[in-house]
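Below you will find the structure I want to go over with you.
Read from first to last, the chains carry the letters A, B and C; within each, the first residue is number 1.
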Amino acid sequence: MIIDPEYRIADIDKRIYGSFLEHLGRAVYGGIYEPDHPQADEGGFRTDVLGLVRELRVPIVRYPGGNFVSGYRWEDGVGPPERRPRRLELAWKSVEPNRVGTNEFARWARQAGADVLMAVNLGTRGVDAARNLVEYCNHPSGTYWSDLRAEHGYREPHGFRTWCLGNEMDGPWQIGQKTAAEYGRLANEAGKAMRGVDPAIELIACGSSYRAMPTYADWEATVLDLAYDQVDYLSLHTYYGNSDGDTPNYLARTLDMEAFIREVAAVCDYVKAKKRSKKTIGLAFDEWNVWYHSIEPDKRQTPWQEAPPLLEEAYTFEDALLVGCMLITLIRNADRVRIACLAQLVNAIAPIMTETGGGAWRQTIFYPYLHASLYGRGTSLRPIIHSPRYDSKDFADVPFVEAAAVHDEEEETLTLFVANKDADSSMPLECDIRGFGDYAVVCHLVLESEDPKASNTAARPDAVVPHSGGDAANDDGTLRATLGKLSWNVIRLRRRREPSLP
Amino acid sequence: MIIDPEYRIADIDKRIYGSFLEHLGRAVYGGIYEPDHPQADEGGFRTDVLGLVRELRVPIVRYPGGNFVSGYRWEDGVGPPERRPRRLELAWKSVEPNRVGTNEFARWARQAGADVLMAVNLGTRGVDAARNLVEYCNHPSGTYWSDLRAEHGYREPHGFRTWCLGNEMDGPWQIGQKTAAEYGRLANEAGKAMRGVDPAIELIACGSSYRAMPTYADWEATVLDLAYDQVDYLSLHTYYGNSDGDTPNYLARTLDMEAFIREVAAVCDYVKAKKRSKKTIGLAFDEWNVWYHSIEPDKRQTPWQEAPPLLEEAYTFEDALLVGCMLITLIRNADRVRIACLAQLVNAIAPIMTETGGGAWRQTIFYPYLHASLYGRGTSLRPIIHSPRYDSKDFADVPFVEAAAVHDEEEETLTLFVANKDADSSMPLECDIRGFGDYAVVCHLVLESEDPKASNTAARPDAVVPHSGGDAANDDGTLRATLGKLSWNVIRLRRRREPSLP
Amino acid sequence: MIIDPEYRIADIDKRIYGSFLEHLGRAVYGGIYEPDHPQADEGGFRTDVLGLVRELRVPIVRYPGGNFVSGYRWEDGVGPPERRPRRLELAWKSVEPNRVGTNEFARWARQAGADVLMAVNLGTRGVDAARNLVEYCNHPSGTYWSDLRAEHGYREPHGFRTWCLGNEMDGPWQIGQKTAAEYGRLANEAGKAMRGVDPAIELIACGSSYRAMPTYADWEATVLDLAYDQVDYLSLHTYYGNSDGDTPNYLARTLDMEAFIREVAAVCDYVKAKKRSKKTIGLAFDEWNVWYHSIEPDKRQTPWQEAPPLLEEAYTFEDALLVGCMLITLIRNADRVRIACLAQLVNAIAPIMTETGGGAWRQTIFYPYLHASLYGRGTSLRPIIHSPRYDSKDFADVPFVEAAAVHDEEEETLTLFVANKDADSSMPLECDIRGFGDYAVVCHLVLESEDPKASNTAARPDAVVPHSGGDAANDDGTLRATLGKLSWNVIRLRRRREPSLP
């Protein structure tokens, strides 16, 4: 492997370490918000959960959906709580009490140190509701909707900068699904009106809900053809699972993710060429994760509960390893992927789990996400990797080792994220880092597990945690380390400093 | 003629004897509802009219339109009556006072023993209003719209099971007409959201407004192609008239009705094949009747009256005979037609007429509808008929005799509905019913008239009434009867029972 | 030149001298309406401005937009002023206080002696809002919206006869832009519902926003194909400018206007042929003027002001000359152009300018508009003109002299509007008017200026004004006059009358 500071991919947009909180299951109610909890603050938000979110340094949180947003009246969630309606929520067949809405969430996100990636409803609603929401959130004052926000207790505008133009509008499951042509037109007109209210915002249009959608690629091309001028980013969504218990094939799925990114970028550039545009459409991988454990149990849930336990994945060690590999993929595509959201943040397909009335803990996937968010800021470098390869059911020539490298030029740190997918043997890492000069290993974190199916639970929250016992060392310009079998490795180096004079 | 219990067409869905009440003319106001009438109940509904409706055993009533529904805000018709707006009603150019709305009608229908076939407005409104109405009507409680229903005095959900996705959306006269593609998409999204609220409901999509529409057949194919998964039934509408006074040709029109049913079924099955679907789309003939007497006089009505006397057909005997033949056609197509609505029920193209402040009477068409509704429940059998035939202006090979047979296996009754269209001579009926064993004629009802143009009026409400003087008899397995010229015959047989021991 | 009373083009529809007042800049607020002004009436309208409008005898005023209307909720502008919302107005990036709305404007227009050419919002709204507005404005009483108007203090219906179905819906700048197919369908359904409320109204569909639009002609054909039955007129819009200072080319642009009219008429007649329709679509040139001086300065305006000084053209003499030529073009096409609106009336691209708190004055373009409006009513006659011609950058064979003739048969007057575009020399006019018999010149008004760039200002409001010193005279059936270089001439003749006996 070779890593050189000159082989730059791109400066990483920190928003690729974003996450997502939907009004779904116990993500909001019973997740971040639980007024009766002993650790709830005066606003009803759990401070223990907030602490875990802060620990992750989440830069941006997508909100309030997801499928939820396609049936949502945002006006239901603002103003005096006692007047807010209880709504039949069709996306997840729940009852939505509207106790948390735009304003409460904005305040929570500020406390969490995160921006809000706001979404408008293009399922049951259109241009007018969208522009009104932008005015309500971002306009300073002196108009109907901005003055109403002030009247609701929020004098300062929220200043949301990035907005989703609906969610997964190609999906037959979506409330108010659209054809590509219908959506392209609606996205263009809604986007134009929203930018009319606040020209500083950036807009994400919906790409396909996943790569296997029957309208994939055509959808992207049609939507961009109709809305190119109003769109800054196109979305990608992907969830992987190991329901057939074929772990090598499961861990190989980052090749699918990589191909997905390249293909969508190609569609964007095809439309760019056709339009002779100077603008390049960025990618927003605004839903990604592992999701399969809870799908069957969720089918047995009674409809119309409030905050039912939905999508509550108990993540295993191997899930965490794949999540790590997906993060590596995002970092390596930092030149095109400017936004990405681990879906989601609390309870529903989430790194953080809570018990209602009880504790909160870190799932296995919490750790690779934490590492990437903390150490993955700076410049993504292109590592030249020679790894043995394997074939799996769906993939050929899968490298056992995947890696990404991030150089923080200001802090003079270099971080390598390296995963070994080999379940049978450890792997020696040898990496030429002469281009960096005098960098020393300051730590080599390892996440590994005897049992690939091990999970963290309320009772055993530390079954799978990283340790700092990796053996990485810089041997005169060659970084050497042992990559344990099925392991996630974070190797941090820093320029050796001359001792400063007292 | 041969009738055999094994030649089953299908179990008859009782909903084929449905009717229709639209906010139109004096159907509701001055029809079923007239608070100042001496026979009005405390809710303002006329008990004499209700009695006639009960007499008909109407299983289901379509409501509130018709063309009316395409401009209707259902919220206008619920809640405190004094707050309900008076609306300019564009479909019939009347003023709608909204004194009767969803709740009052639901209560009236329950008293009448009928289900409600509810329609949503897909003319001026869309997904949101439709799903809200389903929630208001069918969701038990605990959400905004269901709690509002309770607040309006109706704690129990109405539980409407069958719903129309708009009305005649292909018609240029329709408020908010749609192209087939527009409607197919809207029906799909509205239907999906409505089913999201209540998965137990069944949905009827609009077929062509009549067989001669320029977009006929293409409309059906396009709509089903776009909304197949959300649709259970496709609608057919037909009205016949005898404006040129050519009675043989007029009475032959059931051949058109028959062809219409077969053609629409073929389109449904074509789309089913294309989609490799396991679901067969049923037919809902949700508007059918004779309508022509009032068309010219109605053009002279002043617009913007409240409950003007519109579509007030004075039905003749020959109209009743055709209505009988149309009922025979529906029964013979019971394998495909699951719902049908005689349009309408009171005053407007209706079997029941009222005088405002005065009496109520049965029109000529009341009787065949009554007979079919009372005696037409059970299994429809395929009669093999050999009848002399005639040619008319528009039709060739028209059989003089049309018949349907209904076997109630539980009650051990057999009912024959037989029409003789020959104006010149009576016809001997000879029918092999050996397959039934020992069945005896219990009655042979006949509707006939010296004057084919005779009508029932307030002054002479019994000008045309059935008598039980038919001569039908079972002659050792051969049913013999005389079918008077231009006559409607209902021959009822029942298994002869062993005298039960005391 | 020959003018003969038998060479009739058409009776002129007085509405071709219409104007336009949009909620834009200081057109309404600080224009016609300024409650703090010393000359404001009790309703807040400036009587000095009203006086100037009355002087122009404006027959009809388009209202309230323009681009403004595509984001407008008309309900915001009616009812108690203290409850009217302040809106963020996206078309002109201003704040709309809604102090003037439909009712105030209707009252002002009545005082001005003008009809209102009302527009509905087809950008963010649709069928329902449109039909409700027609009901609010035109329905006598007894329904929700008409009674609300009465409750708002306007018992009598406004009776607006002519309506615009949206504004410039083909323009990418438009809030809620539509494709031709989308707009055609929407215009048809909205138009149908609006006519359902009031069958007496006439409807104008949007044509292309200008002749150079990429969808020009196809737009017109598609829209009419989808909405022919509901449409009476198709709109044309044109603004000309002289930003490159090429006056001969600038003054030649009436050839573009002429071609535009002929082309749009051809598209209308093409669709008429296809539909075998008996109805001819008229043309509504409902925005036309010179507009270029203010475009650059306006870009430097801060957004979200209330009534900012936008589009405040200071018109020069040469602009007035082109405006005169455009009026000649409209008169000469009076057989097809039935409505035209000088855009606009006060402050924004307007003949009348005001100072907030100060005076009001007539711009140069006021005069040709005044002359045409006052003297241009009657029958448009086809003048046969032989004029020397020139070539310019964009046009070939441009006649130096353009003329229109209007015969008022009742008053027995003949008016010639004649422009000389030659900047270098005056031109002798010789016109055979023998067909009129004994007509004498009663006045020859001339608008000319030493400086083609001269403007009228608050300080010098009379820099460019017409004088009556023209030398026209009838020399035994030949009208002779000198047309000064760069001059606008209005020659009025009247039949000589026998002295009446005392």
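The rule is short, and it goes like this: a contact is a pair of C-beta atoms (placed from the backbone, for glycine too) under 8 Å apart; a residue touches a chain by one contact, two chains touch by 3 or more.
All figures in this text were calculated on a predicted structure; none of them were measured in a lab.
At the interface between subunit A and subunit B, two copies of one sequence, fewer than half of the residue numbers in use are shared by both copies. Subunit B and subunit C carry the same sequence, and matching their CA atoms takes a turn of 120 degrees, rounded to a multiple of 5. Averaged C-alpha coordinates put the centre of subunit A at 56 Å from the centre of subunit B. Of all residues in subunit A, none touches two or more other chains. Of all residues in subunit B, those touching subunit A in their complex are 126-128, 131, 135, 139, 142-147, 185, 188-189, 192-193, 196-197, 229.
On the subunit C side of its complex with subunit A, the touching residues are 71, 85-88, 90, 93, 95, 123-125, 172, 175-177, 179, 182, 304.
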